[in-house]
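Pasting a structure below so you can have a look.
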Amino acid sequence: MDKERIEFLKKDYIQGFPAYCGFEVDRVEYGIFETRLNIRQEHTQQDGFVHAGVIATMADHTGGYAAYTTVSENFRILTIEFKINYFKPAVGDVIVCRSEVINKGKKIIASESQVFSISQDQEKLVSKAMVTLMAVPVSAFT
Amino acid sequence: MDKERIEFLKKDYIQGFPAYCGFEVDRVEYGIFETRLNIRQEHTQQDGFVHAGVIATMADHTGGYAAYTTVSENFRILTIEFKINYFKPAVGDVIVCRSEVINKGKKIIASESQVFSISQDQEKLVSKAMVTLMAVPVSAFT
Amino acid sequence: MDKERIEFLKKDYIQGFPAYCGFEVDRVEYGIFETRLNIRQEHTQQDGFVHAGVIATMADHTGGYAAYTTVSENFRILTIEFKINYFKPAVGDVIVCRSEVINKGKKIIASESQVFSISQDQEKLVSKAMVTLMAVPVSAFT
Amino acid sequence: MDKERIEFLKKDYIQGFPAYCGFEVDRVEYGIFETRLNIRQEHTQQDGFVHAGVIATMADHTGGYAAYTTVSENFRILTIEFKINYFKPAVGDVIVCRSEVINKGKKIIASESQVFSISQDQEKLVSKAMVTLMAVPVSAFT
């Protein structure tokens, strides 16, 4: 990937809801996207853990951008569906999401997202998702 | 369900991340929970549609509270996993989520959530999720 | 749907693995497919219940044919992915599967399949699946 | 794991529906289970590919036994739900399934299953599943 495209994707990632949530981009490579969130009170649920919806949003959005790295500028990415498992309640100051394309078809792309909570330099896998995405020509949006 | 419990669940629903997102509660009955969101710019994704993560958060949280209506005060609800399909891009001013418990086991509860976008009084099913939840004794949290 | 097409789909359903499993077709309408299986010892798992794989196969295949009823003869149907929940162990002499298309996009079709066990004339919902399918032009197969 | 337990699980795996399908066990270790299937005509679907149901059955059953390796003799394993993606049509003489426990909770265990088709010594990932299982005390079955 050329540097310009990487910079575009880094910026494009953070707008609308993901910007509102506070996600930041750590790493972008072909087929890979990694992001980070500093946990604030507004990310929690009724028991004080990071809300499943925050984790799901991060898993979906980061998985989607992992797919986005694999297509040309003529395509956008839409989520067809995803499935996410929650292994442990997420606590701590930071969560990170590491997404990777595990299959790239002509139209359908599958990404996996793993979400880790970080507490006192210890990473713990708290969640894993499979995201099914579709590459849609930009022309279809206009 | 007694009125007090309904009022408790209505308030309990809106805190942390769901409060930050702006969800409101429309209806609570045994096994049923319905919620609403007025769409603002911060709920969108890069193409101007409601972000998949907003819809997923609503589907998970509302499905979880549908389950919450079926257990006693001695239990809390945690999401084990969920899967969500996106049928159409969600546009418009309002989305609503209607969740229903479709199976209640001793520990494992399954809810379905349907998310509709409302535009000019027309409802459109934009998303559907199956949410698998676990009833956990309050005592396990302390 | 014309009668000929219905007869074609009924026959087409039962070949290869579904024939080997012993599935039978009960009902075919536009967007709807219903099937049945008489339980034999070879359908069970280690605890004597109907094997999750039998139920999954039925849910996938019947959901796929529900989608098949909605496309022209120029298309075939492939499963992109599915997700299935198991609510109760399936016991009894017969299981039936009722599938329905819940969203028909241009290429992507979503079906839901519900599997019931029947014992002494009592039906019990034992499983529910969401199946995401793709309509592929016949020409792509040759 | 002691040798006796491994031999028990190898035998236990092959009965009822999995025996009828023809699955064979390749490898058993703590948290790992690997199986194989020689493809016959009765494993196919209408287009000549291995049926999604065969692959799903293999992914579920092998994932379940990966979980089974991690519990004592006082527990059995039931599938709560699974989700499976199909990346490519499976063709060839043999498919293998490699399953691994990726999270072991007290009651809930998550396994991942990858299914590969083998053709002319080339392996191709055709499918991947996440399987959510529950460890149930043997005493609950009697």
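Going by the order they are written in, the chains are A, B, C and D; count residues from 1 in each one.
By our rule, a contact is a pair of C-beta atoms (placed from the backbone, for glycine too) under 8 Å apart; a residue touches a chain by one contact, two chains touch by 3 or more.
Note that the structure is a prediction, hence the values are computed from the model and not measured.
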Farthest from chain B in C-alpha centre terms, which chain would that be? D
A-D against A-B, pair bridged by the larger set of C-beta contacts: A-B
Whole-Å distance, chain B centre to chain D centre, using C-alpha means? 33
Centre to centre, by mean C-alpha position, how many angstrom separate chain A and chain D? 29
Approximately how many whole Å separate the CA-defined centres of chain A and chain B? 21
Flagged in chain C as touching 2+ other chains are 80-81, 83, 85, 130, 132
Inside the complex, what are the residues of chain C that reach chain B? 83, 85, 87-88, 102-103, 105, 110, 125, 128, 130, 132
Contacting residues of chain C [partner chain D, same complex]: 12, 15-21, 41-47, 51-54, 56-58, 60-61, 64, 76, 78-86, 89, 141
Mind pulling up the chain B residues that touch chain D in the complex? 80-81, 83, 107-108, 130, 132, 134
